[in-house]
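Next come the structures, one after another.
Across the two complexes that follow, chain A remains constant while its partner is chain B and subsequently chain C.
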Partner chain A sequence: MQAPPRWLRGLLLAPGLLALAVTFLLPLVWLGRISVLPRSGDGVTLPGFTLQAYQHVLGDSFYWWVLWKTVWLGLLTACLAVPMAFPIALFLARSTTRWRGVLAALAIAPLLTSTVIRTYGWMVILGRHGMINDMLLWSGMLAMPVRLDNGTLATVIALTEILMPYAIISILSNLGRLDTEIEQAAALLGATPVQVFRRVILPLVLPGLMTAALLVFVLAVSSLVTPQLMGGGRVFVLATEIFNETTLTLNWQVAGALSILLLLLFGGVISVYQRILQRMEERF
Partner chain B sequence: MNRALGLLCWRGLIIALYAFLLAPLVVVLVVSFDTRPYLRFPPEHLSLGSYAAVLHNTAFLHAGLLSLLVGAAAAGVSLAVGTGAALALGRKVFPGRSVIQALLFSPMVVPHIVLAVGLMMTLQPLGLLDTLSGLIIAHVGITMPYVVRIVLSGLKGLDPACEEAARLHGATPWQTFWRVTVPALRATLVAAGLIAFLFSFDEAVIVLFIAGHRATTLPLAIYHYIQFRTDPQVAALSVLVVLASMIPVVVIERGIDIRRALAG
Partner chain C sequence: MNAPRLLNRRGFLLGATAAGSTLATGARADATTVLTVAGFAGPFQSIFRTVVMDTFERKRPDVRVVYRPAMNSAQMLAMLRLERQAPQIDVAITDISISFLATAENLLAPLAEQAMPSLAAIPPWGRPEGMYGVAFSTDNLTLLYDTRALKSPPGSWLDLARPDLADQICLPVEDTRGVVLLPLLTRMQGGDYRRSIEPGLAVMRRFAPLVATWNAQPDIYTLLLAGTVALGVGWNGRARMIAQANPGMLSAVIPREGSVAQINTLNLTARAPQGELAQAFIDHALSVDVQAAFAERAYYGPVNNHVVLPEALKSAISGPPEAAARAMQLDWRFVSAHYSEWVRRIQREVISG
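Showing the complex of A and B:
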């Protein structure tokens, strides 16, 4: 396409920028504004400016515990999903079978099916009358069915599976840099397979793995549906707290403050990640 | 010998990982043929009763129609508006271009839950909570960045020589756009529209905040349902939704590299 003239460029951009302003910028600004509005004792929002909601959140050890739980859930999910996604990505990048296309589609298709449905699948598997319980009962390892479907463990298992396709895509798009000839060269020069993996493959794919880990962490930390359904009201993370404050407690100031806190957590993690990536590129 | 063993382990690992990845979908598929009103795995008798029940469940049907409507409207608006923006950003470097591009991409890096709270607080005073227009506004916001990115990457693969040739042969810019640029981008535009539709169709976090009992989309209807009941009916519905989502995926795969479109 030829570059459009300046007036046309403006005309083409205007609707997009307007849509962005209405659907994205305005809500975020409004969220920030609500979070600093005073609130009367009976829950009515008043005009003015106050940091009460932030003081309330930062001064309450419960919210610090929730923040810690959130980060922990994100880290655990990332530490599980990335190592599990890596073999599949490596396999898809290397495999020469004619099923490769189908297998790639199978690895990515879950991404395009609703999180609600996949969480439901895990409820069936981990539920009181689910597969795992039935198997344990049948094998005699359990006398009574146990609740596997409510709690942090179930949430982490489901989130790991739900976020794995993102990690697979992210690792795959970085594996392109890994040329088989480099490995063959290393092997020819006498490196053992373990050495090839540690000294050649790993340094080359590490940035890709880091990106995948960041992606999974960020998505896990902001997920709501899975902790809400799998957690059975017993998993407290920032997302579920935000949901409760907006829909049950109706304290929009606190919900706004928690949302801003989550955004700051995001920004912090992403900037730390960029630092680490920069250091790594200097080293290798 | 050692090598064969290694290969066997590797294959086993891949199969195990695939089993984990596909487990919930497979389980949902099997359960959907169950006859009992509560969940057990594996089922004793197989039937299509749950599917018949879904097709007679007006709540699900209404939610499904609303999801289709919201998805189509959001995808249409995103495609029109996002393609325009991508065309403006496409070829020439101009002052402020990278800033505008970063701004247009920024909804992709903001967690949906934060956006959901903001949208709820913005739509509430406007009286747009739990309405069709509110849902469309919200879904345009989350789908437009993907349209811009996909169309931009499609534009990069376009040879400017074709358009120049059309211009040299006397086509007006308007004619060139409709007769050369758009047909060349057709696969990209179809893919962008379908991805926008799918993202809107599967969106579950934002609707939890801005929709209620009047404007209920399918993911929200399923969410409400499985909070209290987990009978096979919802499994049958899930299977239908997954199958319906597969159709656009196949169409997209033919047009563009879906992995690239999503991973950027």
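Showing the complex of A and C:
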């Protein structure tokens, strides 16, 4: 079949590119512009150009600490969500029951509910008068309720549960492409089920696990609602800082600089991910 | 064969009615001048609509006042900045700190004294230097508590350090509440916030280990009603409105050390589409009757010197005489200039420290 002419390809691409330019590039340029506007000592935004906000952010150890907390929270969430999602995805992929479709739908059903609602759900479960505290008090294991909500622990628990469906979908799509005959061949050649898993399944699904981890990491790092609702003001991550600088301290320049920093962080993580993936492909 | 009828009698009547009403609406819109007011969403909006906007529309039947709600003053500032070249808002209601900022950024216009007789009744603190806007109402910072959990009401700001209330305290101080609490705590320690807020920060650090949440979500009033926390700080007006709607669940107390008020301001935007009308509206909002009615409905302090409130209402707004006598007047120009720095210090030295 003859390839479509270049002008037609350009024409077909144009609506998408235009939408991307209007909804992504233009706001990004606008954000960059805000971040370089001068700001007086009493908070007044002035016309001109300065890298003051970037100097302020990069020279302040607090923001480096926030950056580290953000990366740590993202990594921890990814490290918890992916291993928990993998067995579910594997079961769904290998299941031959006629209920498979229903089970798969149930696994990703939480995505039908808003993140805010699910986070509120965790607030009810982990709260001072929540289900867990009530059970521990009732069983006599506790004399007084303990604080499970309003902190990093609560944020990690909620983020892990909220982002797990994304990991399941990502791993499931990878497992779907896996040829089961390879595993059967390994078993016929005398490999134990553990060896089949370690030497055959795991290397083949590793890129899928990596993609799932990347997805969870990016979503965790950029999430605002869950750290804000579950953190009780104690969880400082880049997203909450950007929100605070925009709406509380009204330092839009710093908010802009932090947003650009977050974007660079994503860029860095994606390039590291691609390198790891490349090495893995070379190795296996 | 009969051709299908494009329009039966019923359809014609419906169409004619619709067209007639559209034309009528258009005609009404032409004869009406629209004044746009941007202000806080929520209970403030509904009371402002009834007490200020509806009464103004009755006075000026040729005017229709439209309210553009915003979540907070920061959003209002964002709207003003975005519309700098072509303003759509005539009057902006903001916190006093935002009024200073917007004045400095040339987003607001000065008010014409001669066109606004009510301005003469506004005390100097309601029209400080460096701010084009004018105070509209005040709201005191109070201690809020769950009346089911605390048998006796708290009486001092230092009750926030009561060990028996560990993990039951909500201290949302990353905003104006913290910014006004700091000078008050500093004064309680014998300090002056203009020199240093260190004494106030030291007291806040004493509260820190007992705090369950610093970031009240959804808000402190809901957390108190749900019994999630037992004590915290919040705004008097809203607390009293909520307490009235939920009897026997929460209450607000102005502690004996006194309180400090945050001020809501009315601001004329620079190059407002209806500049003259906007000033007439602001003048109406500052008039004695409107100010008294707003205080009665919203428990917000009036700013017009000629307003006389019943004793009970005065006490509900400013606290008992002992506390009212110790009310703190802030130098808002100074506070506004230090707002970001103080919030940052609270975040870093109290919450994350």
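In this section, the second predicted complex is superposed on the first by the 263 of 284 C-alpha atoms of A that agree within 3 Å, B and C clash if a C-alpha of one lies under 4 Å from a C-alpha of the other, contacts with A are read in each partner's own complex, and residues count from 1 in each chain.
What we mean here is this: a residue touches a chain if its C-beta (ideal position, glycine included) is under 8 Å from a C-beta of that chain, and two chains touch if they have at least 3 such contacts.
What you see is a predicted model, and the numbers here were worked out from it, not measured in a lab.
Residue contacts after overlaying the shared chain place A:185 against neither chain B nor chain C. Looking at the shared chain after the overlay, A:170 reaches chain B, while chain C stays out of its contact range. Of the two partner chains, neither chain B nor chain C is touched by A:264. Residue by residue along chain A, chain B and chain C are tallied for touches, and B comes out ahead. In the overlay built on the shared chain, the residue A:251 is in contact with chain C alone; chain B does not reach it. When both complexes are overlaid on chain A, the residue A:102 reaches neither chain B nor chain C.
Using the contact criterion defined above for the overlaid structures, shared-chain residue A:202 touches neither chain B nor chain C, since it reaches no partner.
Applying the stated contact rule after C-alpha superposition, one finds that A:234 touches chain C and leaves chain B untouched.
After overlaying the two complexes on the shared chain, residue contacts for A:127 are found with chain B and with chain C alike. By the touch criterion stated above, A:272 is placed in contact with neither chain B nor chain C. Taken together, the two complexes place residues 123, 127, 129, 229, 246-247 of chain A in contact with chain B and also with chain C. Within the complex formed with chain B, the residues of chain A that make contact are 1-4, 6, 8-10, 12-13, 15-17, 19-20, 22-24, 26-28, 30-31, 34, 84, 87-88, 91, 103-125, 127, 129-131, 134, 158, 161, 164-165, 169-170, 172-173, 193, 218, 221-225, 229, 239, 242-243, 246-247, 252, 255-256, 259, 262-263, 266, 270. On the chain C side of its complex with chain A, the touching residues are 72, 74-75, 77, 81, 98, 100-101, 104-105, 167-168, 172, 174-175, 212-215, 217, 227-228, 336-337, 339-340, 343-344, 347-348, 351-352.
Across the interface of their complex, chain A is touched by residues 6, 10, 13-14, 17-18, 20-25, 27-28, 31, 38-42, 77-78, 80-82, 84-85, 87-92, 94, 100, 103-104, 106-107, 109-115, 117-122, 137-138, 140-142, 144, 148, 155, 158, 160, 163-164, 167, 173, 176-177, 181, 198, 201-202, 204-205, 208-209, 218-219, 222-223, 226-227, 230, 234-235, 238, 241-242, 245-246, 249, 253, 258-260, 262-263 of chain B. Chain contact summary for the complex, chain A toward chain C: residues 40-45, 62, 123, 127-129, 145, 147, 150, 228-229, 231-234, 236, 244, 246-251.
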